[in-house]
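Note that chain A is present in both complexes that follow, paired respectively with chain B and with chain C.
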Partner chain A sequence: MSAAVKRRDLGAAVLLGVPVLLCALAIVVPLVLTLIISFWERQMIGMRPGFSLASYALFFDGARFSVLQRSFWVATSSTLLMLASAYLVAYLITFKLPPSRTRIFLFLLSVPFLVNYVIRTFSWAYLLGRTGPLNQFLQWAGLTSHPIDWLLFSDFAVYLGLVAAYMPFMVYPIWLSLSAIDRRLIEASWMLGEPPLGTFLKVVLPLSLPGVFAAAIFGFVGAFGEVAVSQILGGVGYQLMGNAITSSLDVLNYPMAAAMSTVVVGCMLLLLLLWLRFFDLRLFLGKMLGR
Partner chain B sequence: MSPSPLLHVHAVRKQFGKQVTAAGVDLQVANGEFFTMLGPSGSGKSTILRMIAGLEHPDSGRILINGQDVTDLPPWRRDLGMVFQQYANFPHMTVAQNIAYGLRRRKLDREAVRKRVSELLDLVSLPGFEERPVTRLSGGEQQRVAIARALAPRPRLLLLDEPLSALDEKIRREMQAQLKDIQRVTGTAFVYVTHDQEEALTMSDRVAVLNWGHLVQVDEPHALFRHPRTKFVATFFRGSNVVEGKLVGQGRSSIFECSAFRVALPELPSKFAHPPAVAIRGEDLRINGHPSPEDITFDAVLERVVYRGVYTDYQLRLVDGQVVTASATSGQNLPAGQKVQVAVRPEGITPLQAEPA
Partner chain C sequence: MMKPWTRILVWLCLAGVLLFLYAPLFPPLLLAIQDPATGQLTLQNFGTIHSDPTLVGALMNSIILAAIVGVAAPLLALAAAQAVRSFGIPRLIITVILLPLFIPGVSMGVSTSLFFNLTGIDPSLLTMAVVQTLWALPFAFLIILTVMSGFDTLYLEAAYTCGANRAQAFREIELPQIAPGISGAATFSVILSFNETIRTAVVQGGNNTIQTFIWSRYQQVGLTPNMYALMSLIIAVTLLLILVLVALGRKQQPAT
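For the complex of A and B:
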C-alpha cells in the first residue's frame, strides 16, 4: 500500500511540478533578467554589464519619481472608485436579482471583453471627443452651448477608461463572496433588532471582505500598470508608470526601464504580501462558512 | 374582557403560487407557554413561524403580540427571538460577540454586557466559552450559542424552527431536556417547530398538528396522543390504529359498527369522518387477557409478531380484512397464525372527524 501511495505521490509531483517549472521559467527568468539589467550601465547605444545604481538614482530624484507617485495615486483612487461601483453591481446581482437572472447578468458583464482592449479604449476616445457623439448630444439637448473639453484627454477620461476596463472583473470575486453568505445570517441579524443598514455593516460587509480584497488587487494591479488608457484617453502629456517605462524603452534606455520595472514589481510584491495575510483570513472565513 | 394573549395569529393565509401554505390559521399562545407546531415536511410550519417573525408577510389575516397588531412591522421591530435549524451564528464573531449582538442596541455599558453574556452561557451550560471562535464548536454547542444569542435581549417570544434536527440522536435527547429547562427557568414563551412527534409530545404544553396549511388539532400532548381528532392526526402518531366502519342510528349517541365490533359513541363530533372511522391506540388492544364486563371484545387472527425490544407489535387481521396493530410489553409468547381474542375499553375508542378542507 505504501508503495502505491509513493507512486501516487510521485505522479502528483510530476503532474504539479511540470507546470510549476514552466511558470517559474516564464515568470521568474524575465524578472531576474530585469533585476540584473537594472544595475547595468547605460551607454550611448545599448548598455554595459556592471553594478551601478545610476538608473535608480536618476529615477528617484528625477521627474519620473513624480510619475510613480502619480501612478500610485491614480491606481489607489480609481481602485476605490471601482470597488464602490463593483460592490454595488455585485450586491444588486446577489440580493435584488431573481436567481434565474444571475447567470445571464454575469455573462453580460463579460461581453465588453469580446472586443479587443485597445479598440475599446479608442472607441471611448471617439465617444468623448470634442466632436464625438456625447458632446453632440449634450449640445443638442441644450445642456451646453459649446463642446466640453474635459471629457477627453483629462483625468475624467482616464478614470472612466480605467473603470470600464477593470471594474467588470472586480464584480466576480465580490459576487462570489456575497453569494456565499447564508441568508439566514441576515435574517438572524434582523431578528436581533438590527435594521438592514446595520445588518449590512455588521454582517454582510465583513463577510464579503475576502472578495473585496481580491477585487482590489485586480483593480490596483491593472490600473497601476496601465499603458493604453493613459496614452489614448489621457492625451500627450499624461504619464503613468507604464508610459514612463515605454518611453524609456523608446529611447533605448534599457537599464532605466528595468529599474522602473523593478520598482513597480517591488511595489506589487509588497501589496501581494499584504494580501496574503488577508488570504489566510479568506481561507479562514471560507472554513467558517463551511465552504 | 379577557386579557389579550401573548401571541394571537388570526385567520392568517399565505399562498406561494398555487401552493397554500397557511389556510386561515388561528392560534393563540399564552405567556410562558411551550407551544409546538408539528407536521410533516411541507405542511407549512416554517412559513407560519416566519410570518410570526415578520420574515414573510401574510396574504391576509393579522398577527397580534400583546394585543398590538404587528402584521406590518418589520422583523427588527418585533422584539422576538429566533433560532434556526442550521444555527446561523455569525461566523466572523466569537461566542461572546454573537451573544452580545442583540444587546448592542440596548445601550448597555460593557460590564453589563459582559455580565449578561456570562449569565446566558451559564444558562446554556457553556460557561467560559466567551472567547471561542463560534465555528470551532460542535453542532450541539453551536445551537446552544444560537439559543443564548436569541434569548440575550429578553425577547417577548422565542421562535424555534427545528432547532435540534441537525443534531445526532444522543445530543438531541440531551438538548430536548435542556431546552425545556431553559424555557422553564426563563419563563419565555416558546413557539417550537418540529416534525418529530416524540419531541413535540415530551417538550410541549400544547401541540398544534399541521397538514396542508391547516391546523388540524391543537391540544395538550396527552389529549392529542390519546384522542386524535382526525385520521391524519391518528396516523401521524406511531402506534395508532384507524378502523373504518359505519354509523348505525342517529341522535346524540350513535353506534359505530364494523365487522368486528360495535360500540356506542357517547359524543359525536360535528363532522364525522367519511367513511366513518375510529382510532384505537395499539397499547389499548389487549390480546387474550381477562376482559372486564364493560370491555369490547372481538376475534382476530394474529398475522405477524414484530419484536421491538421493550414492546412487541402484534399484527391482527379483523374479519373484514382490516389490519390493526396491538403492542404489549414483550414476554407474552404468542405464535403467529393463531386466532386470538382482543379486548379494548370503550374509552380507548376515539371517533374521528373529517379533515378540515
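For the complex of A and C:
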C-alpha cells in the first residue's frame, strides 16, 4: 500500500476513529461488564456489587449444569452434522458448478437465511407436526400407517431446526476457503498419481481448514446459545443454554444470567482465539481485503 | 468433463438443499389464508391486523428501527472499513467489529441490557436500535470491505497528486465507486433489523417490534391465524427487500 493512501490527516483520523472506537466500546464494554456482574451478589430485587462465586457455584452444581452439558453435546454434535452438510454443499458449488452458477446458488442460499429464523422455525413446527404435511406425506406414501410422533418435540426436531437455521451461513466461509485453493495444486496431486480421495484428504481438506473452523464456530455459536429452536421444536422442558439464560433474566437473577452468559461467551472467545492463533485472518479474508 | 449421472446427482443434492431451506417460507401463508374451522380460503386474517393497536404500534417501531439501523450500520461500517485501510491495525479492527458474529444472540442481548441497566438507560427504541445496529454491523462491514477491495487505491493517489485533500478524494473519487456497496449494506441492515427477535426481545422493555410481538404472543397464548398472516407479510416484505438488493447488485456489476 502506498504512503499516499495512508497519509496523515488529523480530520480523517478523528472522523474514522471516533465511530470505530464507539463501536468497539459498545461491543466490548457490555461483555466485560457481564463478566464483572457475574461475580456480584444477588438480592431480592436486583444485585449488589461484590465478589462472590455464588452464581457460578449454583450454576455448576444445580440442574443448570445438566443444561450446560446438554447444550455442549447438542451444539457439538449438531455442528459436526452442519459441517458435513455445509462442506458437501460448498464443495459441490465450488468444484462441480460453473462459476456463474456458483454465484446464483450462493444467492439462493442466502435468501431464506435473511427471513427471521424464528419464523422459519415456527414453520418447521407445522411441517413436522402430527397432522402436518410431512406426516401426511409419509402416510400417503405408505411408509407408515400412523403419524410419527418423534418428528416434533424431540431431539430430531431440534437438530433439524438448528441445521435449517445455521447451516446456510456456514457454507460461505467454507466456500471462501475452497475457492481460494490453487487448482494447480489439485492437478499436481493427480499427476503425481494420488487417487481422488487421497487428493481430497491430503490437499483440498487441509487447505480448506480455515473456512471449516470458521464455519464450525458460527454453527457452534448458534447452537450453543439457542433460544427459539429448542423452545419451539424441543417441546416443554427442553432447555439449552439460551433458554436457561432467558429464564434467569425472567426471574431477575442478573448475576446468574451474567455468569451463564459469561461461560458461553468464554467458550466462544476461546474458539475464536484458537482460530486466530492457527489461521491467518488475512489468508481467509484475502479476497475481501484485496490488495 | 463430468459423467452424466454425477451431474444429475450434484443437481439433485443441491435441489434437495434448496427445497429444505425454502420449504419453511410457505406454511405461514398457507395457515393464514385457511379458516381453521371450515378449511375454506379467507383473507380475513390479514384484514384484522390493522385493527390491533398494539400491533400497529409494533409495526411502527419496526419501521423506525429498520430506518435507524439502515442508516447507522452502513455508516459505521464504512468508517470501520476505511479505518481498516488507513489505520495500521487492520486485524484488531476486523476482529472487534466481527465479534458480534461470534457471540450468541442471547449473550449479546443480556450484556447490552445489563449495561443499560447499570448506566440507568431505560429500555426504549434507542436501546433496541443499539442492539440491532451492533448485530447488522459485521454484515454491513463485510459487504463494504468487499466492495472497497475492488477499488484501486491508485485512483486516490492520482487525486492527491492533483491536489485533492482526503475528504475530496473520498467524496469525488472513491464514494461513487463504492456507493452501490454502501446501499447494499444499508438494505442488508434493514433486512436484518426487520427480522431480528432474540437480541431485541432481551432489551425491549415495554416496546414491541412485530417480531418480538409474535414471539411474546407465541409464549403467552400460542400462534393464531392472525400471527401467521403477519408472518407471511414479513416474509413478503423481506423478499421484496432482497429484490432491491439484487437490483443494487446489478447496478454495481453491469457485466453479470
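Everything below uses one rule, namely that the second predicted complex is superposed on the first by the 261 of 291 C-alpha atoms of A that agree within 3 Å, B and C clash if a C-alpha of one lies under 4 Å from a C-alpha of the other, contacts with A are read in each partner's own complex, and residues count from 1 in each chain.
We take it that a residue touches a chain if its C-beta (ideal position, glycine included) is under 8 Å from a C-beta of that chain, and two chains touch if they have at least 3 such contacts.
Everything numeric here is computed off the predicted structure, so don't read it as measured data.
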Which holds for A:Ser189: it touches chain B only (first), chain C only (second), both, or neither? first
First (chain B), second (chain C), both or neither touched by A:Phe39: neither
More chain A residues in contact [chain B versus chain C]: C
Touching chain B in one complex and chain C in the other: list those residues of chain A. 285, 287-289
Could you pull out which chain A residues touch chain B in their complex? 182, 184-185, 187-196, 202-203, 206-207, 285, 287-289
Can you list the residues on chain A that touch chain C in the complex? 1-2, 4-7, 9, 11-13, 15-17, 19-20, 22-24, 26-31, 33-34, 37, 85, 88-89, 92-93, 96-97, 100, 103, 105, 107-109, 111-116, 118-124, 126-127, 164, 168, 217-218, 221-222, 224-228, 231-232, 241-242, 245-246, 249, 254, 257-258, 261, 264-265, 268-269, 271-272, 276, 281-282, 285, 287-291
Residues of chain C touching chain A in their complex? 2, 6-7, 10, 13-14, 17-18, 20-28, 31, 75-76, 79-80, 82-88, 90-91, 93-97, 99-108, 110-115, 117-118, 130, 134, 137, 142, 145-146, 148-150, 152-154, 156-157, 160-161, 165-167, 191-192, 195-198, 202, 211, 214-215, 218-219, 223, 231, 234-235, 238-239, 242, 246, 256
Sort out for me which residues of chain B touch chain A in the complex. 53-55, 74-77, 79-82, 84, 86, 88-92, 101-102, 104-105, 133, 135, 146, 149-150, 153
